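First comes the structure, then the notes that go with it.
A, B, C, D and E label the chains in the order they appear, each numbered from 1.
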Amino acid sequence: MSDISKPDTSMIASVFTGKGLVRDSLVFWAVIAGLAMLGAVLGDSYVRHIFILVFIWCIVIASWDLILGYAGIFNYAQLVFFTFGAYGSAMLSIYAGFTPLLSILSAAAIGAVIGVVIAIPSLRLKGEYVALFTFAVHLALPPLIQQGKAIGMGGNTGLLGIPWLNLFGFQVSSIDKLTWYWVSLFLGALCVWLIYFIVLRGRMGLAFVAMRDADTFAQAIGVNEYKYKLLAFVVSAVFTAVAGGIYAHYTSVVTPKILGTEFFLMAMVMLAIGGMGRFPGAILGVFLVVIGNELLRSFDDYRLLLLGVVVVVTVICLPRGIAGLFERQSKQP
Amino acid sequence: MLEVSNINAFYSDFHVLHDASLKVNKGELVAVVGANGHGKSTLLKAICGLTPVKSGKIRFADHDTTSRRAPHLVSQGLVYVAEDRRLFPDMTVLENLQLGAYLAQARAQEKRNLDHVFSLYPRLAERRHQLCRSLSGGEAQMVALGRGLMSNPTLLAIDEPSLGLAPNLTETMLQTVSQLNRDGLTVLLVEQSLALLKGMIDRVYTIEEGTVSETDTDNMQEVL
Amino acid sequence: MTQMSLTNVTMQFGPFRALTDLSFGIERGEILGVAGPNGAGKSTLMNVCTGGLQATRGSVVFNGQDITGFKRHSRCGLGIAQTFQIPTLLSSVTVGENLLAGQIFGHEVRGAAMDIPLRDILYLTQLEDQLTLPASQADLLTRKRIMLGAALATGPEIIFMDEPLGGLNAQEIVEFLQVIRHVREELGITIVMVEHKTRALAEIADRILIINFGAFVMLDTPGVVLNDDHVVEIYLGKKHDA
Amino acid sequence: ADIISLGAPIPLTGYFAADGVTMEQAITLAVDEINAKGGLLGNEVEVVTFDIGDLTPDKLAAAAANLIERGGVSALINGYGGMGPDIPAFCPYGIPYIHNDAVIGVIDLAERMGCNAIFNASDVDVNYGKSQFDMVLNTGHDFGTKRLAIVHGDFEWDINNAKSMAEAAEAVGWEVVYVQEVPYDTVEWTGIQSQIRAAEPSLIHLEALEPAVATTFLSQYKNNPAGEALLNVGYIGATPGLDDVIVQGQAEGILTFTLNAHQDNEAGNAFVERWKDAYGAEPSVSLAAAVYDMVNMWAAAVKQVGNADDHAAVANAIRDMKYDGLVGKFAFNDRNFIDNGSETQPAQLFQVQNGQRVRLVVGDTRVGDIVKPSWIQ
Amino acid sequence: MTQIFEILLSGITQGAVYCVVAVGLSLVYGASRILNFAHGSLYSLGGFLAWYLVAGGFDLPLWMAVLIILPVLALTGIGIERVIIRPLRGSDNWKINTIMVTLGLAFIIENGLQLVFGPGTRTIAPFVEGTLELGGITLSWYKVWIFAISLMLVGALEYFLGHTRYGQAVRAVSQDMQGANQVGINVNQVFSFTFALSVVLTGIAGILLAPVFLVSPLGGWAPFLKAFVIVVLGGLGSTKGAFVAAFILAVLEAFVIFYIGPSWAMPAWLVMLIVVLMVRPKGLFGVWEN
């Protein structure tokens, strides 16, 4: 008799039960190692800054991909998780004296709580109403942060002068781009790996896909919809909040501006261009959008206009994102 | 009245119809039979301009309609009744029927056709203000056929009208179709099983993996 | 021995009653056919049994336990499985992974002892060769097999099937009936199936339940039910050949 | 000769782009003039802009890495450039950075971080209210009663500003009869104005950095004014955001104010002419001359030091030189900002009359006559 | 008492303002389930065009400007639908894709406006001045006009959608595209038409509200976001819902501002939204099941 926690699944080889996990993980970490070395060689600190942002964004987008792309829940409150992570982590290190690394980790717990808080009403709603409700939460957050002035959230100015990262006794200032490059690369890679290789390739991932593809059928074969949808929110929020924490300590500032439209739009565009629910599409999307945005920088006030054009053209030509492009090619040998 | 020659149809790169040909004369009731997934619905949709045709030719009422889309064909009297009914779920029965007479050509006959439908299906008259979302399978099928009739068709293409219907309703449904045919309507019908069609149909086409062949009248009894 | 029993079950949708005071029992190991006119409440009845709907009044008891208010997945945990009229599958994964999902989540809600070996399921459903096929590319009959396979993989004691033969042609019906029969014979699973194909029902069912306007009409062997004058009048239209 | 780069981290897109354009124009005008006169220490000066868009914190970090590390600029200049996030982004590099964020919290932060090369080239919010109030009294208007109502936005700048005015008013025997904080998207004022009317003020001060807040308040106020109370819209009235409204005659009678505009003198008027030649429109009274002065002040300091890249020396020179510009003297106090006053940068109070901003008071001198707004019968 | 009445009245007139912005959004969502993120930018476009014709470049009277602008906006709407919405309709995740392209479009329009008209804030003079005394309450005629216009717009839309054949077709298309095709409705044409109509409505809102909210390249976001909450509360696809929700939220806002404080207006909206969605997961008048 098999043990209680694990049915005998050996008859069917599947990525959800570990097929190719070791091999794929090795490839993943090899790429990360390559990026780490690249960071040392690249030399220009502006480029490093851009990559630091890319790594932070990767966490946000991977978490968003988890809930939107894989679990099929139209959650648009991703930046709410991010904001709470950033504020939470900042406040813990400013007011409670946590060392930044610890407060970033604690941001995960804050994220979990916020995830539950947003999930509970959202789970009563269906389809696009989830999108609309969660986006409404996003919209209502800045005034709430303003009210949070009373508890030290700094109102519209935000929190300035958040302590820098302290790594084994070394202060890592935000102009120490190389160290930050490695720190954010490592944390980003870890989160992305956990999301795509552990969570999504396990039982949770299968449950998400099941609920997305055929929710009634999924329930009929024993998927506890409420539990797994709640988990989708929580896991997504946990990682996003960690990203927020890293962001706060890197820039050493959080302001409600991170809930502004441009930030939100950028995140959407990354997901769209990359392609949802198809690793590594979304991650590629982050790289492409951030780097593309930088390439457009020389156009100054034409930049956002051109970005808009790029987005429209990409979505029309590649409705499944970059990832869809690979799929089609691999199907036609 | 309808002449389909050598049409090919695809879903992206999946070849569904292979050089399919068929012919329906005025006043006939012609059936297409075949196992599921072999392209019956695709054939009907292609004829009715709901799915594009890659090659081949379709002529309806002496015009080349190969590349014509459904709205035009409906105005010419070629009307499709889908197997999955395709009602407007958040509209009432009456609104669904009214929309059947959306085009000018049918609008003129709207009153008469509505009376006709209600006389065929008094149950619909009772439920005219119910939303179609909450209709049972049989009622929904009545609305679907009724809506097709409201379009004032000269050729009605009906896709598996008996799908999901109780035996008694299946019979009534097919009898209605047969009656309409006898009243002069040309009908192209898709069904899974010929047993139900005994004695109604003029000719039968069999479709197998997208290839259509006519079953001659002698063999027909056998197939039945 | 009664495995599941419904007592005075009523299902109300706003002012409309889809089921009225319905009571009957399902015997362990039987194949129970459910039939009745369109809109009679058959699908509603299935949902009340499997947890898609919670009965407004009355009780549903399974193995001595009142499960009236249970959700679908909890009922799955008790051994109640179900297949749907329109087979919607986990379309973005493979056929094998569909079965795997049934096994994994069934195991999660049911516990270890209940597993039906995948080998048996594959044998019954004849899906061995198609395990790596993307589920989205499967044809209708295969999709029905997959759905049944996944339901079996949860290790059920009873399985509810809504119009399992819908859309199949004569040949396929014969094949699928064989599969259903095997499920009962070899795994001992009780089967409840809603079906309009009365000829097939007559062939396979031990008993047939007829409902009309949400109310109980009769429950008896196929021979009796399908020759009953009232049933013929409200449902069959004409006397069954058999 | 070499090239000396001057970095301009300014908002060219997003909500602040209107002010960003003024900043860019002012910097460019100043630099062009320097180059036309043979450059700085014989070197050509080049402006490198970096769009900080919506001012999210990472944009300022990016500006720092881009302008300072990659672009190798010798100094950074903007208007109100980052409202806080600019300090941690630029401070660690020790490069001269001249701005006028004008929020006391930013000064505190810069001090806390020990940023000696960061200069806030104006006074700060906690003094704005007082100077405004003093000037309003200086108009010679007969207020009848001494009752002040304040409505302000929810930024720190607005809040401090309002507090400062309330204190100044109470210090001279006025009563603050109403204070209300409003979010920036407030456009319907019936409830608030009804409360204001009930409070019977003789002066209403509205401070929020968003044009629509001011214009909606005004248009609704005109319909049902609070007796004979005057309306002062603070700084927003001096910004380009209200230009169109003023030109179209929809802001008649309001008072507005700025700390560092060019003055109505020979140098100021010449500046206006040069600006018109360059850009075909009048310079804004809010930022144009101030930013223009910042560039020239920095250039003067570089000249004095003789080396644009000796950042500490240039910073010291800026601090000590009391540069005399179009907007007054840049006499920095020991916290690296400037106390306004007739001796340093005189604040200026305007009234909108006939579609134009007319100077009423400059520093403590009355220079124009107040006109009774139309809503006072 | 007068005060309560005054606040109620201000809420109602403000409701009309919100309503004008929300109906276009609701219409296009109702007809094609496209959440148009460029709605705010199109609103700004309407305002800028009016400003350009009335004050910026020409000195046309407002009515003439409107006569010129409406067809321009309609063509813009048709163009947008043709070029960037239609190609997506077949793709499997088109709902998200349309959100993305309309976002991209928002970037294009608002930055385009900034490049053409400059980043500054503009305004146009209201077409009626003066006030109306009503039992001690002063009401601006302009607000009264907006109220009347919004009533008219919603009434006309409701009549159109509910009682004309073409309106029925619009609803039919939103419920089942293939079904609509089958009865002879030209689905593409209906989509173009509704998109154009929604752009026109939005543009009208931009013109009407220019004296209230002012016009600036990014100025459309604030009204759009409010309209967004309104449309959700009212229920997707229901113009009537948007109408009712606009008034409910505006009146709520007016009372919150007066009795609790302006900063609590948006949180109050959120609370209202949560409460309504918990009780009615489809919004007040939402029609869709999923």
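To be clear about the criterion, a residue touches a chain if its C-beta (ideal position, glycine included) is under 8 Å from a C-beta of that chain, and two chains touch if they have at least 3 such contacts.
The model shown is predicted, which means the values in this text are computed figures rather than measured ones.
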{"item": "Third chains touching both chain E and chain A", "value": "D"}
{"item": "Remotest chain, chain A as reference, centres from CA atoms", "value": "B"}
{"item": "Rounded Å distance between chain C and chain D, as computed from the means of their C-alpha atoms", "value": "75"}
{"item": "Where chain D and chain E are represented by their mean Cα positions, the distance between them in whole Å", "value": "35"}
{"item": "Distance from the mean Cα position of chain C to that of chain A, given in whole angstrom", "value": "42"}
{"item": "Chain A-chain B separation of Cα centroids, rounded to whole Å", "value": "50"}
{"item": "Residues of chain D touching at least two other chains", "value": "13-14, 17, 154, 183"}
{"item": "Junction residues of chain A, two or more chains touched", "value": "143, 146, 261, 301, 304"}
{"item": "For chain E, residues that touch 2 or more chains besides their own", "value": "111, 114, 218, 263, 265-266, 288-289"}
{"item": "Those chain pairs that satisfy the touch definition", "value": "A-C, A-D, A-E, B-C, B-E, D-E"}
{"item": "Footprint of chain D on chain A - complex, ascending", "value": "44-46, 48-50, 53, 143, 146, 155-158, 160-161, 173-175, 177, 247, 250-255, 257-258, 260-263, 297, 300-301, 303-304"}
{"item": "Contacting residues of chain C [partner chain B, same complex]", "value": "13, 16, 35-40, 85, 139-141, 163, 166-172, 196, 198, 234-238"}
{"item": "Touch list for chain E against partner chain B, complex", "value": "165, 168-169, 171-172, 175-176, 178-186, 287-289"}
{"item": "Complex interface listing, chain D residues touching chain A", "value": "12-14, 17, 49, 51, 53-58, 60-62, 64-66, 69-70, 83-85, 87-89, 92-93, 103, 105-106, 109, 112-113, 154-156, 159, 183"}
{"item": "Contact set on chain D toward chain E in their complex", "value": "13-15, 17-18, 20-21, 154, 180-183, 185-188, 190-192, 194-195, 211-212, 215-216, 219-220, 223-224, 240-245, 248-250"}
